[in-house]
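Remarks on the structure that follows.
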Amino acid sequence: MSEQFLRLGVPKGSLQDATIKLFEKAGWKIKLHERNYFPDIDDDRIKCSLARAQEMSMYVENGTFDVGLTGMDWIRENKSDVVVVDDLIYSKVSNRKARWVLCVRGDSPYKRPEDLDGKKISTELMGFTKEYFESQGINVDVSFSWGTTEAKVVEGLCDGIVEITETGTTIKANGLRIIAELMQTNTQIIANKDAWADPKKRQLIEEINLLLQGALRAGKMVGLKMNLPKNKLAELNGTLPSLNSPTVAELQDPNWLSVEVMVEEKIVRELIPRLVSFGAEGIIEYPLNKVI
Amino acid sequence: MSEQFLRLGVPKGSLQDATIKLFEKAGWKIKLHERNYFPDIDDDRIKCSLARAQEMSMYVENGTFDVGLTGMDWIRENKSDVVVVDDLIYSKVSNRKARWVLCVRGDSPYKRPEDLDGKKISTELMGFTKEYFESQGINVDVSFSWGTTEAKVVEGLCDGIVEITETGTTIKANGLRIIAELMQTNTQIIANKDAWADPKKRQLIEEINLLLQGALRAGKMVGLKMNLPKNKLAELNGTLPSLNSPTVAELQDPNWLSVEVMVEEKIVRELIPRLVSFGAEGIIEYPLNKVI
Amino acid sequence: MSEQFLRLGVPKGSLQDATIKLFEKAGWKIKLHERNYFPDIDDDRIKCSLARAQEMSMYVENGTFDVGLTGMDWIRENKSDVVVVDDLIYSKVSNRKARWVLCVRGDSPYKRPEDLDGKKISTELMGFTKEYFESQGINVDVSFSWGTTEAKVVEGLCDGIVEITETGTTIKANGLRIIAELMQTNTQIIANKDAWADPKKRQLIEEINLLLQGALRAGKMVGLKMNLPKNKLAELNGTLPSLNSPTVAELQDPNWLSVEVMVEEKIVRELIPRLVSFGAEGIIEYPLNKVI
Amino acid sequence: MSEQFLRLGVPKGSLQDATIKLFEKAGWKIKLHERNYFPDIDDDRIKCSLARAQEMSMYVENGTFDVGLTGMDWIRENKSDVVVVDDLIYSKVSNRKARWVLCVRGDSPYKRPEDLDGKKISTELMGFTKEYFESQGINVDVSFSWGTTEAKVVEGLCDGIVEITETGTTIKANGLRIIAELMQTNTQIIANKDAWADPKKRQLIEEINLLLQGALRAGKMVGLKMNLPKNKLAELNGTLPSLNSPTVAELQDPNWLSVEVMVEEKIVRELIPRLVSFGAEGIIEYPLNKVI
Amino acid sequence: MSEQFLRLGVPKGSLQDATIKLFEKAGWKIKLHERNYFPDIDDDRIKCSLARAQEMSMYVENGTFDVGLTGMDWIRENKSDVVVVDDLIYSKVSNRKARWVLCVRGDSPYKRPEDLDGKKISTELMGFTKEYFESQGINVDVSFSWGTTEAKVVEGLCDGIVEITETGTTIKANGLRIIAELMQTNTQIIANKDAWADPKKRQLIEEINLLLQGALRAGKMVGLKMNLPKNKLAELNGTLPSLNSPTVAELQDPNWLSVEVMVEEKIVRELIPRLVSFGAEGIIEYPLNKVI
Amino acid sequence: MSEQFLRLGVPKGSLQDATIKLFEKAGWKIKLHERNYFPDIDDDRIKCSLARAQEMSMYVENGTFDVGLTGMDWIRENKSDVVVVDDLIYSKVSNRKARWVLCVRGDSPYKRPEDLDGKKISTELMGFTKEYFESQGINVDVSFSWGTTEAKVVEGLCDGIVEITETGTTIKANGLRIIAELMQTNTQIIANKDAWADPKKRQLIEEINLLLQGALRAGKMVGLKMNLPKNKLAELNGTLPSLNSPTVAELQDPNWLSVEVMVEEKIVRELIPRLVSFGAEGIIEYPLNKVI
């Protein structure tokens, strides 16, 4: 590494706790100091800083940070020239992608974006929103919102808003209606171009990404292990999710095999009854910390 | 399935949280809505309702629910004609069976049920209690209690009570003495007869039961894995709990075997020293999610 | 007192905590013992027992307790022959009266009680419900519900329910509609007839009631104190709530009076601006523990 | 009122909880709905909305709200043409005024604002900061910060920041040094000009302000009451804080007076010993809800 | 003051929180710093230190502190030559005095201290215990206990213990029996002799004591205020607790008086009914912060 | 065993909760009773008592306990003649060894122990401290401290202290400076000599130690499992931590091996990238309960 450490930008705010937990699962302890923006990390090769998700990509672009985590939405909003290393699908709520949506009052006549031609739009994501409507040939007046954006449609301060949502709960709770989805977004791990070109820094960034991905994957998967009559193996292979080829080992009893496989937790309740029907015995499910 | 979903009755009250946790371990997320008796479940094939444990078997019998969880005591009290699919030994307190017991004041002369001949009994389980005393040829006056049943003996409103207990703590705390155990009870998974006769519904009920049992079992077991000199295997097999035959695999080193076994957590502290004495090495214990 | 103590029944369950807090404000500390139904009270003249609100009036009637607190609904349901000493308007939620209401599915055609003629009704309050429909000449089939009563209409087990509600939230949350209010109810302090005839017991019951009422009243009132020009007093008296005649004292300055008055907290925000407009000065509001 | 209600803007964010508590002490219950920006208030004459403190004054100016609470800083930043009804000195932390300060790295050579001539400044309060430096004839490059502003000086992204602080803790925790205080700010109650010109609206706004001020004042004051020998009154009056003239009443004993006075809680520990030395007896201190 | 501040010793450990709360009620905010033994106090004339109650009196005697709070037991144990300013009856549990008692096993034959002649005693209060037995002419072997003293009797390490207790719960919970009370103890405010001789320091110590006592007293008392027919005053005076002479003021109506009195909270429930019987009207009870 | 049970001393105080958790991981449930010093343990062969860590070794030496857990510091302080069975490196804070250090005021001139010649030292560990200075030929006056020892240097009551620390935080928070480390200490499992000579007791003590060590080790380790090309095994063995020889099994595919290894959690983040670079596939990390 040309410098003695990798500078890592950690998103302050709604993603902060989820990010710190994810790093802990991946193998790094990040320790916040009250009212200080420079957390400790138990790795001498890395220095951490907190930064707002809205500004992160600018700081990665200008080299303040070598690597950072932030949403795809703000990378696009800032038109930042950075290396997108990988997708990291996690959030404080749902492990789902968030969406920027166009909303109007529930009792308004607007059904499609073009119905808002000549109208006022309020949003925190100014640049992207302007471009979107321009690209659609729709003429709108976009203004910046500091927050409580949903309230502005209700109060008549604007005719539509472009707002982020995971579950739609706040939108519904304020009586609004979604009429278009403008962008899906989720967390990205991004790198500065010079850092990416530096072999030592790139290797460390890739190792961090490898372990973050491994921790994320493990949160959704479990290990299954079973004994299987040898003659059922082919049948089983047809059944098991194709991407996870099972580890098959001989047992002392020559008619049986030990089969171990990592599967998504959510399919287990359907998979186990089928394994039983194939004659699998001694099926156990166990938790995982990482799946690489 | 003749209908598009399986109707599942979830017991409201003291078993509610334990039931929801058990389903979560088994692979289903049940989400309660505040002040609403119809929880969501993340399985399109199932619809949930909350019902009191006291009434559950009546609703399974009359087809309101296809399947439900409730205590053996209330199935008997209601004389419900349902299919008892399986035992589910869990509770909010202890994973032990609960007991309906006959109690009297600590300072009373009563020693056996027959000493209460001609006396007053208070209980929430009217039908069962009457039958019990009739079957014993003892003549008692049974009246219904809405609660605080223990207090009624203390205040002299009755001479004995028939009450449920797991640990005996409430009985002791009110100064009462148990003179007979009338029935052991624990949670049952029960099915409606028509639902059981419907192959699709029956299969789904059996799958649910398979996974509930697997989750319950895993809560009391752990996995043990070790390397063992090949010549010690016979000796080991004599030692290990017979119901869990170990999975034995060859290792590269031809003198050693890899042995893996699922055992009850509570015997581990005695088992491990014996495994060490047999020459087992690299013993690890790991947690389990399900044991089928 | 013909006996050495007054036996007091404290309602177990939803009213329990509110009752104990009310007694504390009134001047008595009731201390619960875990899993024991006989709480301590710091008054040698009184002995406490917990009992279900449903059964309380029966135990006051038969002399198990001299005095007890329970709802008017269960006094009527049990047709108990007791002395109703006073109303105690408090609850766990709202300090409002609760109501027993007749509810049907939101999408059902039933609009009035008579629309349920020939239909099934489910309720915990069997006796009262039967009498109500009989008195209206409506023929219904009433059955007992152990709980989750709202769910029974939704599932079609019955056509209507008679259920208690303070805010209507549970009824609405299950998609039901109220079509009639059958009874308003709230907590009563009731006494056994013989206890009431015993002068010493009656005096103690009346003292308890006096202090409970004083504590309840103080929770809704505040003290206001101000200096007022003497010539404004008549004007003020016309303004102040008539039931609380102010305490008026001379001040050293012969042109001013000190006026002190207890008023309902909820009118203070309208009262103070008017007092200011009359020329009142040095207005202070202070909290109260009891108002007799 | 020309309309049927007064529209009140409640600041969302750091002031939100303190504002709602203050209104409760003043006599209004504001109830938030989860994820909805229109809280309920128990006064038919008022409608509430949540809005960001940064935007509040714009919405009061343009008539979206008749009255609102926000900081003096953002009123100035927005150059909003509104009526400042009164100061409301409260905050989430300290009941002190907050300050916008100019900070630099602790180890930097900058000592005064002019040392930053030609340098970069980062702040959330763009307009005010630009004007400040222009008015001082200092040439700086001001850029907008979304947050973690302190970190930007540390990381060398800028040479100084203009940031708000109450206690200086965050500034110190990041190793920065304050070199100038640019503005003191605290919460203001502001009104729309048209609303203020409407006599009914103005009266209601003034009543709200009267009660908010009364509640704020009571939080810092207590009542003292004592009996005093008549011949000590003059001496006492010289001692007592001049702004709170005592209420003096005759007692039955002609040599003694009853004296009551409202004082700041923080002086009580010095005042009581002096009252005792004057011969005051039966001194009591009691809490207050409002002081008008 | 000969020095610029008064050095105050605050007891660390079981009394710490109660002490800090008491000072807050009295008018001083003491703020602890984590892991630091020198708390802040909001009074420039005072400096605080934490010290163990066991050592406090030694530090007051040798002038490390001018004034401190500690138990009478440790003042005697240390035979410290200090000024006992006043008693402060408060504790973490009960506002009662604690007692050092001599305990033996519940099943032992020992009934009186002399039965332990020739036996072993374990205690934390070595000096006092030795002197006690010497003064009684009983010969015992006293050894020091670091804690879990009750356990030592049970395990046979000693025959009796001398231990402190407020409620006797720990003693009973370990199956011991109290056979003698050796000393009552409670918190004292003590001063260094030189500090007490310094008029300025002594005045400040006395002021602190005055306000601590006032806060303690207020915690057990309430204010009562009522209107009383003039001709009942004499009768009332006979009834009211003698130490609190009522404040009596004329009202506008010449037949009535305003009477205000501070009484112990625990007698209110008996007092109010009697006041009503005398014809008192408009009785209110209100809370107090201090009673001097 | 010559007696029917093994008497186990559990340290009361700062180590208590950590000890009980460690026993739970090892397989024993210890249940505390409020205010009683004899906890239950779910093993008929063992009886538990709580004792202060300071006194534990004396009670193990004199046979009150057969086995106990306490710090090396107090074993040395008490010069107890006991069998040290094993080291147990755990604590409430850090899993690190604690240190007894010599500290002075931060602004004092003392740099080395000998600078304190002729000075006063305060400590809870009297005997050890005296011996230390004697062995160094340094003449100091050592006095006992009940607590808040750091404060004594600050207040000038002594010139140096000997105090225990894990992280140095309290020392730094009081402005002190460490000038020497006198002893490292951590928890030991110790046995009475006679108990150790009794074969049955010794076996049980060794079994307890085996399982405590296994639980401690598992807290710092994880399991890694992977598929590896057969020809990479030698290379891998060179890489893997030598003390944990991997378990290698044949897979059905003759070119691949299943490799399983237990490693320290803290090296995983560096190990996994190297495993990937060797061609390992399907790497999973899983949690462990015990590692023997």
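When the chains are written out, they are named A, B, C, D, E and F in that same order, and each has its own residue count from 1.
By definition in this document, a contact is a pair of C-beta atoms (placed from the backbone, for glycine too) under 8 Å apart; a residue touches a chain by one contact, two chains touch by 3 or more.
According to UniProt, the chain labels map to these proteins: A, B, C, D, E, F = ATP phosphoribosyltransferase.
On a predicted model such as this, the values are computed, not experimentally measured, just so you know.
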item	value
Labels of chains that are neighbours to subunit E and to subunit F	none
Subunit E against subunit D, contact positions shared by both copies (same if over half, else different)	different
Rounded Å distance, subunit B centre to subunit D centre (Cα mean)	59
Inter-chain centre distance, subunit B versus subunit C - centres from mean C-alpha coordinates, in Å	41
Junction residues of subunit A, two or more chains touched	249-250, 286-287
Chain pairs in mutual contact under the definition given at the outset	A-B, A-D, A-F, B-C, B-F, C-D, C-E, D-E, E-F
Subunit B to subunit A touching residues, read off their complex	26-28, 43, 203, 206-207, 210-211, 214, 218, 223, 244-245, 247-250, 257, 262, 286-292
Interface residues, subunit A side, partner subunit D - complex	12-13, 33-38, 49-52, 54-55, 59, 64, 145-148, 150-151, 154-155, 157, 169-170, 173-174
Touching residues on subunit D, where the partner in the complex is subunit E	222, 227, 249-253, 258, 265-266, 268-269, 272-273, 275-276, 282-287
